[in-house]
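There are two complexes below, and they share chain A, which is joined by chain B in the first and by chain C in the second.
What follows is the complex of A and B.
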C-alpha cells in the first residue's frame, strides 16, 4: 500500500518549506546570541585591558588593571579572605546542601509522615524573595534572639549584624542563611527525579529482598546522579559569581570578613563605570581558573554516569 | 515510557525518623523568623523599640497590636529615580515589577520554547550544534560579563529601557532549554506526520498541535521564571535605574533612613518588606499546585 502524501506537495518542496520555517524562527535568537553572548564576551576580554576615565572615556591600558589586581587585591589579606569565603560557602552548600537535599528528597519520595507539608514548606524559600527572607532573618537573629538571651540568661549579646560586631560570627550567620535557603529547590528537583524512576525496578528489587539501604544505594542514587552532577557543575560555575546574600545583608558596606569574590565583582559594577574594566579583568582571571576545573569535573562526573 | 512510581507510604526506619526530625527543625527554622517578624510588624513600635534597645522584659513582653507600621511603611516607601527625578510609590514599584517580570520571563520562555521545539523536532545537524552549544554554555563559566553587557546596551543606545530587557532576554540559554527539548522529543512524531498529510503548515503544526500539548510545562516554567525575576532586584537595579522595582524598594527601605529615622525601626521595616512582597506571595498561593508540579532535571551531556 502506498504511504499517503501531504496535500499538494512533494518531499522536496516539503523539505524546502521545513528549512525556510526553521531558518525564519532561528535567525533572530541567533543574532541575539552573536551580539549578547559572543559580542559581550569578546568585549569583556577587550575591557580587561582598558580603563575608564570620566573625561576621556574608555582607553587602552594594558597595565592598570593588572597592577590593580596584583597590588590592590592579591597582596592584601582582604582578597584572600574573599577567596576563602567563596570556597567555604561552596563547600558548605555542596556538602551539607547536597546531603540534606538527597535525604529530604528521599523522605518525600517515600511519602513518609508529613511529606506533603514538607514539600510545600521546602518550596517557600524559592518563592519568597531573598531580600524578604533576609529582613526576617536579620531582625529575628539580630534583634529577637539577643533580646531573649538577655531576658533568659542575663547575658548582653550584641546584634551580630551591626558593623561593630564580630565579623566571624556575622559571616557564619550569613553562610548558615545561604545554606538554609539554598538547597530547598535542589530537594524538590531530586524528589521529582525520584518520582520518575520506573516502579518495576523498585518492585524487582523488593522481590529480590533488597533492604531500604540497598534500594537507595543501588537504584535511587544512580538514577538521581545526573541531576546531582548538574548541581555540582553549575555550583562550580557560580563559584566566583555568587555573592551569597552578602549584598542583601550588608549592602555596599560589607567588611573584608563578609565579602566574597562574587560580591566584589558585583559591587565593582554597582559603583559605576570606573569599576567596569576592573570587573572585566577580575572576571577574566576567574574564568581562566574555572574553565579547566569545570571541564575536568564534568568529564569525571560523566564517566561516573556511564 | 517509564511508569510513574507512586509508592505507598512506607514505615520510616531509623534514617527516615532522623530525616523527619531534621525536616521538622528545618521547617521550624523557616517558620520561626516568619512568625516572629509578622508579630513584630503588628507590634506598637515604641513598645517594640524599648523591648529591644533596653533589652527589657521588666514590664513584661511589650506587645501592643497596631497596624500603624504598615501605614507608615506605605506612606514612606517612595523612591525618586536619579535620572528622571520622578518619585514612585508602592503602586508604581508594583507596576515596574510586573512589567519587568512579564517582559523578561515572557520573552525568554517564548524564545526558549520555540528554539527548543526546532531543535527537538527538526533533525538537522545544526540542531545538534545548538543543543551542544547550550550544554557547553551551562558548563563553561564566563565571569565578569555584567559590565560588558551594560556597556553593550549603552553602545546600542537602548540602556535603561524596557525594550532593552526584551532584547537581553531574547535568548534560549539555560537549563529549561534542555527540559523543553526533552519534552518536545517525547511527543510522538506521528502527530506531525498526520498533520502534514492533511496539509497543515509548519507554523500551524507548532502552534495548534505541539504547543498545546506542552502548554502545562511552558506555563509552569513561565511562572517559575516570573517569580525569579520578581525577586531579583540586583539585575533590575543595574539595568533599569529609572524604574525601581518592588524588591529594590525593600532593599532601599532597609538601607535608607526616612521620616526622621522612623523607617529604620524594625517593625516598620518588616511591615514594608511584607507589603512589597505581598503580590508574589499571592501568586504563589494561587498557583502553588502547578508550581510544585515537578520540573525535573536530567544530566548535562554534550
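What follows is the complex of A and C.
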C-alpha cells in the first residue's frame, strides 16, 4: 500500500522551502552570536594584551596592564575591600537568596493565602527596568521613609543614600535591594519548576502519610535541585561581575567601602577607551580564577544530581 | 451632508498640511519683527544641542536671525534661503558621541572627547572659517583671535581646528544679594556685620569701593560668616547629592585662586618653576620647600602645591560639618530650595554651591515664583576668599572649565551652510546675544553690547566682572600622557586623586564626609605619593 502523499508541493520543493525557512529563522541569532559573543569576547581577550593611547590607538602592551593590576590594585587595601564585598554579595544572594527563594516558592506552590499576590509582586522587578526600580527604591527608602518618620516622630532622618549618610546603613540597604531583585527571579523559576512536578508523586506521598516538611524534603527539593544547581553555578560565574547595583545608586561617587570588583570593571569602561584594556585584563584574570572553580562546582553538583 | 462636512474638514486639513510642508509662513525674529520666509525651496540644516542648563532658545533665536539675513542667499544649486531646525535633548551627550554616527549637521554639546572625535574623523575642519577675518560682519578679527591661547593650543591638531569652545563655567558659591542685605551678612570695616549700605570691609581684593566689599576676605572670615549665618537662622549653603562633583570642582577653583594664574598654569604646561611647594606634617606643620624647576619627568611634584592643602583645609573645616549645609537630592531641587528660600517657604539659604549655569537652569523655578506673584531675588558670584591674609589683594584666578564644543559633523550634506552659520554664530553681536539670553559667557573675547547688557541679571553681570577683574585659566593640555590617562588627569582628577590607607579617593569632600577622622594633612601628603608611584606608567 502506498503511503498517501501530502497535497501541494513535492518533497524536493518542500525540503527547499523548509531549508529557507530554517535559514531565515536561524540567521539572526547566529549573526548575533557571532558578533555579540564570539566577536566581543575575542576583542575583549585581545584588549587584555593591549593598551590604548589617544594618538596611536591600540598597541600590544601586556606589561602596562600587569603593572597596573599588581601595583595599583592588588597592593591596595581598596582592591581587597572590593574582593571582600564581591564575596559578601555572593554569600547574601546565594545563601539568603536561595534558601528564602526556595521556601517562598514552596509557599506559592502550595497556594497558601496571598500566594498570587506575592507572585505578582515578585514579577515586578522583572517587568520594571532595573534603573527605574532603583530610582523607585531610592526615592521611597531614601526620601519617602525619612519624610514619614519625620512626620510621625518629628525627628529629621537623613537620606540614607546621601553621600554623607552612614556608610553601613547605605551598604545594607543597597545589598537588600540586590538580594530582593535577585530573589524574585529565583523564586519564580523554583515555583515554576515545582509546578511541573508530577502531581501523582505528591499524591502518593500524601497517601503514604508524608508531612508537608517530608514532602518538601523528599519530593520537592530533589526535583528542583537541577534549577538550584543552575543558580549556584551562574552565581559563581557572576562573582566578579556583580556590581551590587552600586553604580545605579551612587554613580561614580561610590565610597571605596561600597565598591565591588564588578563596579570597578564597569567604571573602568565608563571612563573611556583608556579603561577598556585595563578592564579587559582584569576580566581575564577573573575568568582564569573562576573557570576552574565553576568547573569543579558543576561536576560536584552533577554528581549530586546523579 | 455629514459626509460632505467630514470630507471638507479632511480636505482642509490636507491643504493646511501641504501649506506647512511648503513652508510658507511668517517668521518672527527675536525682536518681534515679522518676515515672510518661503521655506519651500530652502536648504535644510539640522542642529543638535544638549538640553541642559543653557536650553536651546539662544540657538533658536540665532537661527531665525540667520534665516532672515540669508533669505535670498543660495547655499546650494537650485535652492534659496535656509531653514534651520534645532533638536534639543539630553540624549545629545557628547561623552557617547565618539562611538555613534552623527546624524545632525551641527552640534553644540558638552562632555565632548575632542581628541577621540577628531581621531574618528567625525568633526569637519573649521580652520577656514576660524582663521578668516569676520569682515562680512564688520569685524577685523577672526574667530581664532577671540579664543584664548591655551584653548587654541589645545584645539590645534596639525595646524587645523575642528571645534569652537561652547560655554565656559565657573564653580562657586552664588549668594543671595537681597537676603544678605536684609539679614546683614556683609562684613563691616570694624569686623561686625552690616547690610549692603553699611560701612563695608574691603573684601578679598583689599580695595575699598569695589564690588567685593563686605565679602569675607579669608577662610577664617568665611568661617566666622558661616557661624553668623547659622545664628540668624539661615542655612549657610545648599548643594546636591547627585552633584558632588560640583564640590570637587569648586575646591579646584579655590586651589587655583591660591596659586594664581602663573603657578596654576604649570599644571597644564608642566614647564616652569614651582615656587610654592610645601610639605605638611601629620600635626599640620607646614614647611615651605625650595623652588623647583618643573618638567614632565617630575610633574608629580606639583601635587605639593600649597593651594591644594589650603583648599583641603577649607573642605574639611567649612564644607564638611553637617550643620553648615543642606543636602538636596538633586541639583534641580537644590536650585528650587535656594530660589524659594526665604520667599515661599520658611527656610532661607544664604548660598548655593553650583556652576555658573545654575541661574539659567533654574528658569522654571523663577517662573513659578513669578506665577505665584512673588518677586525673585538677585544673585551674584561670591568672590573667593583667600587662604591666608598675605594673599589678600592677589588677582583672583578662575578656572574656565568646560568640555563643551560647537562643531560640524564631517558627514554633513550642507557644509557651506553649516560653515556660514557657524561663522555667523561667532560674530561679536551673536556672542553678545548668547550671553544676554542664557546669562552665561563663552570662552571667547567679545564685548557685550549696551542693549544686551541691560537684559543681564545681576548674577551674569558678576560673571562678566570676574572675567574682567580676574585671571581665567583654561585647564586644557594636549600632552599625550595626560590625554591617555583620563582617570588621573581628566576634570578634577589631577587636582584631587589620592590613595589614603590604600583606598582611592577622587573627591576630598566625599573623603571627609566618609572618614570621620580624615584630615587635610593625610589627604594632601598622600597625593604626591600616589602620582609619583604611577608616574612612569603614564
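Just so it is clear, the second predicted complex is superposed on the first by the 252 of 306 C-alpha atoms of A that agree within 3 Å, B and C clash if a C-alpha of one lies under 4 Å from a C-alpha of the other, contacts with A are read in each partner's own complex, and residues count from 1 in each chain.
Heads up, the rule we're going with is that a residue touches a chain if its C-beta (ideal position, glycine included) is under 8 Å from a C-beta of that chain, and two chains touch if they have at least 3 such contacts.
The structure presented is a predicted model; accordingly, all values stated were derived computationally and were not measured.
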item: First, second, both or neither for A:10, with chain B first and chain C second; value: neither
item: First (chain B), second (chain C), both or neither touched by A:53; value: second
item: Touched chain A residues, chain B compared with chain C; value: B
item: Partner chain in contact with A:161 - chain B first, chain C second, else both or neither; value: second
item: Partner chain(s) touched by A:72 [first = chain B, second = chain C, both, neither]; value: second
item: Touching partner for A:275 - first (chain B), second (chain C), both, neither; value: both
item: Chain B and chain C footprints on chain A, overlapping residues; value: 143, 251, 275
item: Contacting residues of chain A [partner chain B, same complex]; value: 4-9, 14, 17-18, 21-22, 25-26, 28-29, 32-33, 35-37, 39-41, 43-44, 47-48, 100, 103-104, 106-107, 109-114, 117-133, 135-137, 139-141, 143-144, 146-147, 150-151, 156, 180, 188-189, 192-200, 202, 212-213, 225-227, 229-230, 233-234, 236-241, 247-248, 251, 265-266, 268-270, 275-277, 279-284, 286-287, 290-291, 294-295, 298, 302, 305
item: Contact footprint of chain C on chain A as seen in their complex; value: 52-55, 57, 64, 67-68, 71-72, 75-78, 81, 142-143, 158-159, 161-164, 167, 251-253, 255-257, 271-275
item: Chain C residues touching chain A - in the complex, by the definition given at the top; value: 113, 115-116, 119, 241-242, 244-245, 322, 327, 329, 480, 483-487, 490, 499, 501-505, 507, 510, 513-514, 533-534, 537
item: Sites on chain B touched by chain A in the complex; value: 2-10, 12-13, 15-16, 19-20, 22-23, 26-27, 29-34, 36-37, 40, 51-52, 55-57, 111, 114-115, 118, 122, 124, 126, 130, 137-152, 167-168, 170-173, 175, 196-199, 201-203, 227, 230-231, 233-234, 237-238, 247, 250-251, 254-255, 266, 269-270, 273-274, 276-277, 280-281, 284, 288, 291-292, 294-301
